[in-house]
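In what comes next, chain A is part of two complexes: it sits with chain B in the first one and with chain C in the second one.
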Partner chain A sequence: MVPVTVVFTQESVPLDDQEKLPFTVVHEREIPLKYKLKIKCRFQKAYRRALDHEEEALSLGSIQEAETMFAEPSEQAEGSLTVYVISEHSSLLPQDMMSYIGPKRMAVVRGIMHREAFNIIGHRVIQVAQAMSLTEDVLAAALADHLPEDKWSSDKRRPLKSSLGYEITFSLLNPDPKSHDVHWDIEGAVRRYVQPFLNALRAVGNFSVDSQILYYAVLGVNPRFDPASSSYYLAAHSLPHVINPVESRLGSSAASLYPVLNFLLYVPELAHSPLYIQDKDGAPVATNAFHSPRWGGIMVYNVDPKAYNGSELPVRVKVDMVRVMEVFLAQLRLLFGIAQPQLPPKCLFSGSKSEGIMSWELDRLLWARSVENLATATTTLTSLAQLLGKISNIVIKDDVASEVYRAVAAVQRAAEELASGHLASAFVASQEAVTSSERAFFDPSLLHLLYFPDDQKFAIYIPLFLPMAVPILLSLFKIFLETRKSWKKPEKID
Partner chain B sequence: MADTCFLGQGCTTLVGLLLLPFGSLAASQIEDQAEQLFRSGHTNNWAVLVCTSRFWFNYRHVANTLSVYRSVKRLGIPDSHIVLMLADDMACNPRNPKPATVFSHKNMELNVYGDDVEVDYRSYEVTVENFLRVLTGRIPSSTPRSKHLLSDDRSNILIYMTGHGGNGFLKFQDSEEITNIELADAFEQMWQKRRYNELLFIIDTCQGASMYERFYSPNIMALASSQVGEDSLSHQPDPAIGVHLMDRYTFYVLEFLEEINPASQTNMNDLFQVCPKSLCVSTPGHRTDLFQRDPKNVLITDFFGSVRKVEITTETISLQPDSGIMESSYKKDLMDEELMEPLKYAEQLPVAQIIHQKPKLKDWHPPGGFILGLWALIIMVFFKTYGIKHMKFIF
Partner chain C sequence: MAAAAPLSLLVLLLLGPGVWGQTDPPRDSLREELVITPLPSGDVAATFQFRTRWDSELQREEGTDHSFLRYAVLPREVVCTENLTPWKKLLPCSSKAGLSVLLKADRLFHTSYHSQAVHIRPVCRDARCASISWELRQTLSVVFDAFVTGQGKQDWSLFRMFSRTLTEPCPLASESQVYVDVTNYSQDNETLEVYPPPLTTYQDVVLGTRKTYAVYDLLDMAVINNSRSLNLQLKWKRPPGNEAPPMPFLYAQRYVSGYGLHNGELSTLLYNTHPYRAFPVLLLDTVPWYLRLYVHTLTITSKGKENKPSYIHYQPAQDRMQPHLLEMLIQLPASSVTKVSIQFERALLKWTEYTPDPNHGFYVSPSVLSALVPSEVAAQPVDWEESPLFNTLFPASGSSSHFVRLYTEPLLVSLPTPDFSMPYNVICLTCTVVAVCYGSFYNLLTRTFQIEEPSKGGLARRLANLIRRARGVPPL
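Presenting the complex of A and B:
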């Protein structure tokens, strides 16, 4: 459920409509997924009149000033939106734009003086709200693993699976230290650019960042020489082979059990400078970088040719961390699945915040992750139950049972919180559900080595018991015969 | 391109001329389609390579596994994604005339042991229980990361097993067996938890086809070196080492894989043709009914190599450079470098103390139950045979 607060300013709708404020409208949509599975998506719109300070702010000249006047975003709960309806002729937005989406869970929509004002405005508000929160593709991507889908969409496969934490490693590869003496201020860059981004994503999991410099690490592919631009290039079809020879030297997976994201900065050797990456059409890529889903990204940093003039090797190279971090943060966004939303027509988009992620993008991520976690937890518990049904001699220990109970309680709690719109607590509950269900499923004591096919049982027990049983059975039979004789005898005497 | 060639062959020139402009349009469409068909939907590759037999005369099983390991590493799968289980140590075996080597070809042409072999489960750690734990993921969390199979739902896994087997079972370490039903159940548990995207199962034992008869989980393709009732034979003995070096099926698979490089487009149908009956004496079999794609669209490198899916990064986000902070921290780095003291090599072992230590006295323990029982038995038998009267000669 998405709680949306719609605030009307004074000239946005006709007066008789304004009399009806405040009230609440619920807009429900069923999103059908495959196999009769449907998700109900509710937008609860609370309509109210604008307060005085909001009126003041909205009558200012430009939208940026209006934004700064508004209340701090920390007051707004995660998952909720506020939409302001301004009058049709207001100059807050440029003339041809009908709506505006801001970086802090706020949006502005033009009002209309019309009899059916509320319906039309309601429709516009829904369009904007959908762009900022849940849509079909977000949910379909989250549930992609649990529904058989057509395999050809790369968007669905790119994001990382939901996990409790992530490890991010930045590596500088210098294959030619004799020519380039490369320095990069990674600590400063991380502190300045990456850490705020990760702080904004704090709700999603624990992040740990480390960095390293590798010398004499070459790419596995030889770049080709392009005489037209007198530069070297890596063709798009050779890019997949670049990662493997390098990966063994990164040493990144030894430290923790969290998924690792590697970001590599490659400074090409003097013999192969400058080096560009070409896309499928043969044009050099502007960012000179590429990424691999669920693994990380690589960027090629070409040394400025002016640095070679007159100085002797090795040339001191100071890496421009801003350019590098722009690309790495964009790749990080893509790897997390924060894609550009589909904007409604004639909508002004504010561009990103300084931290690189907008609050409602984070909400979308949390929604997708919560749904994914719930689906994972339920399938894990179901498969555990099926396993127990099929193999009857597994023993369930008490702690495994308590984990299962916890997982079920957490799933129910997460579903309730999602339905009532509390996104933060729903996400925490869904994470707890996933960890409990995984712990229960992967408990080492559940391994069954107890499969006994019938012919093996016969083969083992018959040679053991048959020789023993033959004399026992024979003597039992003899005893029985003798007692029967002794019963018959007294009758005969009589 | 294939479209135009095909049409040119089969039709008259008039039709060919008419269809040429359409052909070029269709060619690009077909290229796209071909690209899509070849894509398998996996993002990483894992390999689990198991050799189940010990003792020196089973040298060939260790050589089999190591040659598959070598091919898989050469084609790109890193050690962190390979779980290698060898049940015995051939390279350092006291009977190995060439220590630290394991050869796969006669006349010692190819040493598959190399310099960078990383064995994850060795010697007595290769048990049915550990193997099933690796597959299903039910490992105690204290085991090192290299012993886990950390695959996810987008992993293609190659499982290779070799050793001595029979109809429906595979022998581990001469003391236990894994049945085909247990293996099928383990794969089903992997599927339930979505631990693989596609699985390729190769087995090189006698009657190997019986091991894949019972699979019932989707997306599994299986190959075996012999059918039920047939034995898999070994390839060639080496007179210098004294044992058979490789099994036939894996020998020819290795020769086939030596010609594959990470960019090759060879598909699974070629792998099915490896080692026909004339070379292998046994009939290799395969099973593809559980697999969703057509084997001729499955590349060898989908399982044996690790070809990553990459995308070009086309977007960036804009950041404001903050030159003030960066300058000051850069200067701080320079100053730090100058102020650091030269590093010293720390004292680790107190060598002098160790050399002059006296040998420790071991505590004396009374003889254990087995020895006592043995002696009691011997004494009883002696007195039973010769009579109790001999006791007086002792006391």
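Presenting the complex of A and C:
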């Protein structure tokens, strides 16, 4: 459930409609996924009149000033939205724009003087709210692992699997240290650009960042020479082969509990400079970078040809970290699945916050993650139950049983919290559900007596019981024969 | 998979406060070295050392006491290519340039001795030690055998040893040098000739003796320029003299004695061959818990008399949790043999604790001896950054002695092992006995007797008659 607060200013709707405030309207929508699976999404709109300080703020000249006057975002719970309805002719928004979406869970919509004002405005509010919260593709991407593939969904870029934390590694690849002496201020760049972004994503998990410089690391593909632009290029179809040879030298999964995201910065060799990446149409990509879902990204940094003039090798190269970090942060957003939302028509979209992620984008991420966690937890528990049904030899110890109970309780609690709109606690409960269910399923004690084949049991008991059973069976047989004879005898005497 | 970055979203990033114009963080400095020592027997020893030093402060966990020593050892682990590959990954120019080009697994493991090490430690940046940097030192030592690897010939070259030659220095190394030990052969070119002739020589006191080295600096253009590669060759003009190498002042042996699978005695022999100087030795022994040591039987004798150690630390073992730890400081008199012996009892392990081949035995880790051995020649204190790497692994403390750490050989001890086929035997035997016994009782209790006519003929009768005829008894 998404709690939306709709605030009306004085001239936004006709007076008699204003008398009806405050009240609540609930709007339900079912999002169909595949195979009869549906998710019900409920928007609970609480209409109210604007308070004085809000009226004051909304009558200011520009939207940016209005935003700064508003309440602190920490007062707004995660997952909720506030929509302000202003008058039709207000100059807060540019004339042709009907609505505006801000970075801090706030939006502005134009009101209308009409009899059916509330319905029309309600409609617009729903459009804006859907843009800022759950939509079908967000949920489909989150559940991509659990639903069977469709032919159109294989194109969808899969976001990272939900996990308790991530490790991000920045690597500088220098295949030609004789020609290039590359320096990069990675510590400063991480502190200035990446750390604020990760701090904003703190609710999603633990992040750790490290960096390394690798020498003599070549890409797996030989670039081709393009005589037209006298430069080298990597064609789009050869990009999948680039990563493999480098991967073994990255040392990525050596000592980390969490999945690793690699971001590589490649400075091409003197013999292959400058190097461009071409997309499917043959045009060079503007940022000279590409990313691979669930793995990371690679950017090619070409050395400025003016640096070679006159100086002897190796040439000192100082990497422009701003350009590089722009690309890496954008790739990080795409890897997490924070994509551009579908905006309703005539909507003004503000720029992002300085951290690179808006609060309602974080909310979308948390919703998607919660749903994914719940799906994972239920799948794990179901498989465990099926396994027990098939193999009767498994012994479930008490602590495994308590983990299962805890997982089930957490799943139920997460579903309740999601239905009542408390996003933060729902996310925490879903993480706990996943942890408990995985701990129960992968417990090593389940395998203890698993492989105890039946023929070994026979081999132990047969030497004892078979010799004892033979005389018993023989005598039973004899008894049976004798009783049959004694039945027949009275007939004969007769 | 090309990603068009939505730059509009990130324009605001650039307006963040930034302090440009900072100085670059200090670079790690890499030094690499190869020392080639021809041995009097015709073998040749090669030691690689790679040292990376970085000056940034590493974060340390609070609350850990760094003065405690943690010691762990796996007594029987064979070093192979699986260990060499991740070791090489730590080198910046791995296998592509500089001295690491020579590290080829098929030649390095075709030797009679192979040893690899990684040392990480903090070092002082300057004499005042106001700040510390961290040092990563990787060493690899191999000994090429004249008979096995060299096929009987005693002339060595880099190509014969490593199947590679040196072509270019590593661009990241601040120093890249090859030293050849020509101590006994430098006066005359009669015994050993080193080709190409060295441009410089280096003399220093190493491990207490004065040594002379021929130096080849790869960063110096004159060394490689002509032939584009450096293939060092060692040619013996005369067969190497058969004199024994000088005996080291300290060496040790260790063995297990006793008979049977119940008791035994563990002995360590420490030899001090210096003619007139005595020096102390620190002996560290870690014995696994299943050899139960009787510490009251610990005896240390030198030259027939009892020798009391000036310091003993003993930590008893706890079954299945902790091994014995014995540490002693023993004064070795000049020109003597000291025997340290202790008796033990072998324990019986639980059924599931035996290794897959229990009759092979169990390994006992070597003991570690650390000592300040007197030097023949006094060493001057040198600046660490200036002197070659092989001289700076252990600090030279004081001019009259040098630090040495020795490891004795690991031991193989048999423990009493049970017969693992017994459960099967027991099941078969008891089942048979019970079945036979029960069957007989049952038959006796339920058999009914009938009179039967004797039958003529039959196979049993004919067999019985055959046997009777053989015995000489009238047939049935």
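Keep this in mind: the second predicted complex is superposed on the first by the 440 of 494 C-alpha atoms of A that agree within 3 Å, B and C clash if a C-alpha of one lies under 4 Å from a C-alpha of the other, contacts with A are read in each partner's own complex, and residues count from 1 in each chain.
As a convention for this text, contacts are C-beta pairs under 8 Å (C-beta built on N, C-alpha and C of every residue); 3 or more make two chains touch, one makes a residue touch a chain.
Source: prediction; values computed, not measured.
Visitor: Quick check on the chain A-based superposition: chain B and chain C, clash or fit?
Guide: clash
Visitor: Should A:P463 be classified as contacting the first partner (chain B), the second (chain C), both, or neither?
Guide: second
Visitor: After the superposition on A, what does A:V322 contact: first (chain B), second (chain C), both or neither?
Guide: Once the two structures are laid over each other on A, A:V322 reaches both partners.
Visitor: Regarding the shared-chain residue A:D185, is it in contact with chain B (first), chain C (second), both, or neither?
Guide: A:D185 contacts both chain B and chain C.
Visitor: Examine A:P490 and indicate which partner it touches, taking first as chain B and second as chain C; both and neither are also allowed.
Guide: A:P490: touches no partner chain.
Visitor: Between chain B (first) and chain C (second), which, if any, makes contact with A:F290: first, second, both or neither?
Guide: Both: A:F290 reaches chain B and chain C.
Visitor: Which of the two partners, first being chain B and second being chain C, lies in contact with A:Q386: first, second, both, or neither?
Guide: The answer is first: A:Q386 touches chain B but not chain C.
Visitor: Name the chain, either chain B or chain C, that contacts more residues of chain A.
Guide: B
Visitor: Applying the document's definition of touch, where does A:L334 land relative to chain B and chain C: first, second, both, or neither?
Guide: Both partners, chain B and chain C.
Visitor: Report for A:I277: first if it touches chain B alone, second if chain C alone, otherwise both or neither.
Guide: A:I277: touches chain B and chain C.
Visitor: Now for A:Y193: first (chain B), second (chain C), both, or neither, which partner does it touch?
Guide: The answer is both, since A:Y193 touches chain B and chain C.
Visitor: Tell me which of 205-213, 223-231 or 259-267 in chain C produces the clash with chain B after alignment on chain A.
Guide: The listed stretch with clashing C-alpha atoms is 259-267.
Visitor: Counting contacts the way the document defines them, which residues of chain A are shared by the two interfaces, the one with chain B and the one with chain C?
Guide: 183, 185, 187-188, 192-193, 236, 239-240, 277, 279, 285-287, 289-292, 297, 322, 325-327, 329-331, 333-334, 351-352, 354, 356.
Visitor: For the complex, give me every residue of chain A touching chain C.
Guide: Listed in rising order, the residues are 177-178, 183, 185, 187-188, 192-193, 215-216, 236, 239-240, 249, 251, 277, 279-280, 285-287, 289-292, 297, 314, 322, 325-327, 329-331, 333-334, 340, 351-354, 356, 460, 463-464, 466-468, 470-472, 475.
Visitor: In the complex of these two chains, what residues of chain B are touching chain A?
Guide: Within the complex, chain B contacts chain A at residues 36, 39, 41, 43-44, 76-80, 128-129, 132-133, 136-140, 145, 150, 152-154, 179, 181-182, 185, 189, 192-194, 262-263, 306-322, 325-326, 329-330, 333.
Visitor: Considering only the defined contacts, which chain C positions touch chain A in the complex?
Guide: That would be residues 1-16, 18, 22, 24-25, 89, 92-94, 96-97, 171-172, 427-428, 430-432, 434-436, 438-439, 442-443, 446 of chain C.
Visitor: Show which residues of chain A lie in contact with chain B when the two form their complex.
Guide: Its residues touching chain B are 145, 151-152, 154, 157-158, 161, 183, 185, 187-189, 191-193, 236, 238-245, 247-248, 253-254, 257, 277, 279, 285-287, 289-295, 297, 299, 318, 321-322, 325-327, 329-331, 333-334, 351-352, 354, 356, 379-380, 383, 386-387, 390-391, 441-444, 446-449, 451, 453.
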